[in-house]
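Both complexes shown next keep chain A, but they swap its partner, so chain B is in the first and chain C is in the second.
For the complex of A and B:
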């Protein structure tokens, strides 16, 4: 009997590396809750978002409610799930991932609260705890994927992202320490720029780019596309971060500008790859969330271009606030929203329906896995003697969510981002408020659609008593 | 004696790729069905991509659905990557569904 390369070892198809449902789901639910809080807080703070309110405590707290309270939390859950399927390795320590959730939730929200009331003690205590928690997460992921036999650009992107995360967190902790009295010789502006660069251009960008090389072909069923450009995207993205970093610390605007050019080229390379993936796709009808990921990549490229203009124009805080808002919401958040429309239903389907897949029969009419009458050497008479049954359809993932309805949500979010970003630069308060309301309504619509898939009552039962 | 056509039909009727919504037979994921010894069914299959998140559920669904066919006493599912899946393996119906 001719056999190919077995995937699951001899004797069966089992290759399961995925963590228990409760591990990624808790993080994702926290991220979704954080996103709802962000929507309300965004409207509440919208009046401060035009005209340089970026350093107000409540705006700093709002920014971190999005990045720490929502994005990072959701990403941690998604990454715990994705690394197991993309790299075919288990999480290095499931127990650690599970318990780290509570440390992360307490420290992140404690830190955000401390920012809102500007409590230096709170910033130091919760900031230190959040640093520990994020280091635990980053090390877990780096150790896990390093054990994988799958090599290539996706692995480089994921490892780089988590190294940048640790560096960004270190910069943040140093900022807190300097505010609390640690003498750092007046480098606070450089630390702030480093923190933003490493978090946005480093962690979020590398992670989204890396996983896009896996997720987009999967969602479009693309085959036979060229992958040679991926390594150059990785090199260019690193060049962008490193050049900009040197420019910030050496105070050489030319290097910052060179970093921006490299970043723009990294996005151009990514977009060529995405175009190639779409050209070779078998699913000709692309779903709205997947299309929006492409729009988000274009927004990322536009954000870098805006940064280059900003570097040349010499505009100060307002301009930078606009760039960061546009890049964060238009590239990072929009991409994650697009992927969340696919990842969350998959996770729910796996938990609730995968065990029923292939069993399109009424319960009790045919034997379940534990009741099989057909062992070696005996014909399964008991099975075939069952009366005919009316088949019950096991849903596929598309049955769990109507992805067509994501279109207005994602489109209004994208428009809101543009209105908010440009109004901030133009010091147009009414525009900033209108943009914030559009974004908030889109976020609430997005969460409403996801919670219908998740079903809070059922997920509460599934999570209860598992830690 | 296992009726391999009946097994194929059972898989066509019951086992779907949950993401694409097309059954595994029309997708061309089933490479080979054999009965190496009386009552034992050997299924050689693949996934559309290595690291497919639905890997386990599809493979287990194939095992379960095949086990329901008359004469099948034991099922052995082997998921292989060589040869890799390619779009040419899909049936005309599957292509129409995807391209539509």
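For the complex of A and C:
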């Protein structure tokens, strides 16, 4: 250590950059509400999910109820919070993030409704508004993280994810424009494939991979693990998307296949990294949601493998529907559910209890001047001695949710995904319905557990009047 | 109140048979009222602890290896010696990993002869359950400029 230098982290003391509670929470609550609607709609549409119903308006709406109405909304909230924790920078404009919520909520659900009734005007209007909203979000995040002094693969993943998001949205808008009469020379199939690839393989995959490099060490208390492979994961993931894109537009199946191989290698590399993180963890007992993230990464790799098989065996719509369903639900959604079990209680605890934690002094403890105290293992006494006050323990984050109870929810979700995906390919309607019901029940169980943490009545009070 | 830990490592000077007293005292002269002075030495510097004690400094000593002692001097009056860790500016999960490594790696924390005070940017939500699980109590103080002090000691 240098002589006479202040200790502490790089760059010296930095204050907390977290946005106000209402910014991430509003987006996350919308995402949770969207997830509930998705669960009900999934069962309602399940009969169409075997035997090539992917292009039915109600199935297109169902897909976007999941991606736009739930996942993206939840992700936006989580990213607004995580960026400040992982990159130690504030959001470039909190006001913009706050107001963009309303534009996003209106445009996303307007767009989903327009898909369900297949209104071209609605698609164009709400699609354009959603494009603006998502560009605002993506630019906000890119600008925010670019200001961070933290560099490296996590930053590259997060920036890449948001560039892919903008590209995926552009492809979607062009699709809507082409449906509405813009002459694009018969490239609709390529646009559709590009949109799915950029959204799933680009945005969701890059974002989940990038933040996993931060969240998994946080939740397992891992340090000192090798990180050299992370940049190769990033390179391979980009190679996968780019090769597949060129293959789609040049109509070269070999390039699409090469992209699939690169994608499979990216997941293999990610799994090696995850193994490293787990090997170097301080916390010996890992929680079910964290373990399920590993299962989800294996599902991602299996999904890419399935895509390779699909590329080699033909281009039937059922098969592709199965691949997309399996990859989206098994990799993206399962991972996000695992992380949500940690992120939502963290937000709620920080909002409601962090200012109270350690306030009450337990017997035998002598808090220092200006300090609030808490004794482990027993309910501490209140500081004021008269009149007698019933001891009241300020909950810690582990008291907000029993993470062991997430195991059956996540396991039944994973089984439901497999049943639905394979039944879709096999055109087994009863299986698709059963898989959908399993998924829907798991989603409802998941939301039930999270709403007990959130407490809707209390959160409504906390959100009221903060715009 | 802004606070920092000022670190001075005099082990090389001591191994070279040099006298570090002047360097130490000139460093001490630069300290603010809430600052902590952290000295790295090859032995437990009892004479220095007495000298600085007369100037109102309390001392917390931890031994890392046979010839590596870390002594922290601070002015706050607390009933047992308190070691300080400045976790501000560190990327998660480093603040938590550092804290738990200290708690698990120092006998004084287990016996209750030593307390630990960490300086974080926010209340460490995920750390508190770990502390309870390990049988530690904690006191928390939020300071206005984004520093949260968490003082940890054996419960009971």
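FYI, the second predicted complex is superposed on the first by the 420 of 467 C-alpha atoms of A that agree within 3 Å, B and C clash if a C-alpha of one lies under 4 Å from a C-alpha of the other, contacts with A are read in each partner's own complex, and residues count from 1 in each chain.
We adopt the following convention: a contact is a pair of C-beta atoms (placed from the backbone, for glycine too) under 8 Å apart; a residue touches a chain by one contact, two chains touch by 3 or more.
Not measured: the values here are computed from a predicted model.
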Which superposed partner A:24 touches (first chain B, second chain C, both, neither): neither
Which of chain B and chain C A:285 touches, first, second, both or neither: first
Chain B and chain C contact sites that coincide on chain A, given as residue numbers: 1, 3-8, 11-16, 18, 85-86, 88, 150, 214, 217-218, 221, 223, 282, 346, 349-350, 354-355, 357-359, 361, 366, 369, 372, 374-378, 396-398
Residues of chain A that touch chain C when the two form their complex: 1-16, 18, 85-86, 88, 150, 214, 217-218, 221-223, 282, 346, 349-350, 354-355, 357-359, 361-362, 364-378, 396-399
Sites on chain A touched by chain B in the complex: 1, 3-8, 11-16, 18, 81, 85-88, 150, 214, 217-219, 221, 223-224, 282-285, 346, 349-350, 353-355, 357-361, 366, 369, 372, 374-380, 383-384, 391, 394, 396-398
In the complex with chain A, residue positions of chain C that touch it: 2, 4-9, 23, 27, 30, 38, 40, 76, 78-79, 86-94, 96-97, 100-101, 119, 121-123, 125-126, 128-129, 131-142, 145-147, 149-151, 153, 155-156
Residues of chain B that touch chain A when the two form their complex: 13-21, 31, 34, 36, 39-40, 42, 44, 46, 48-65, 67-68, 70-74, 76-83, 85-87, 90, 95, 98-100
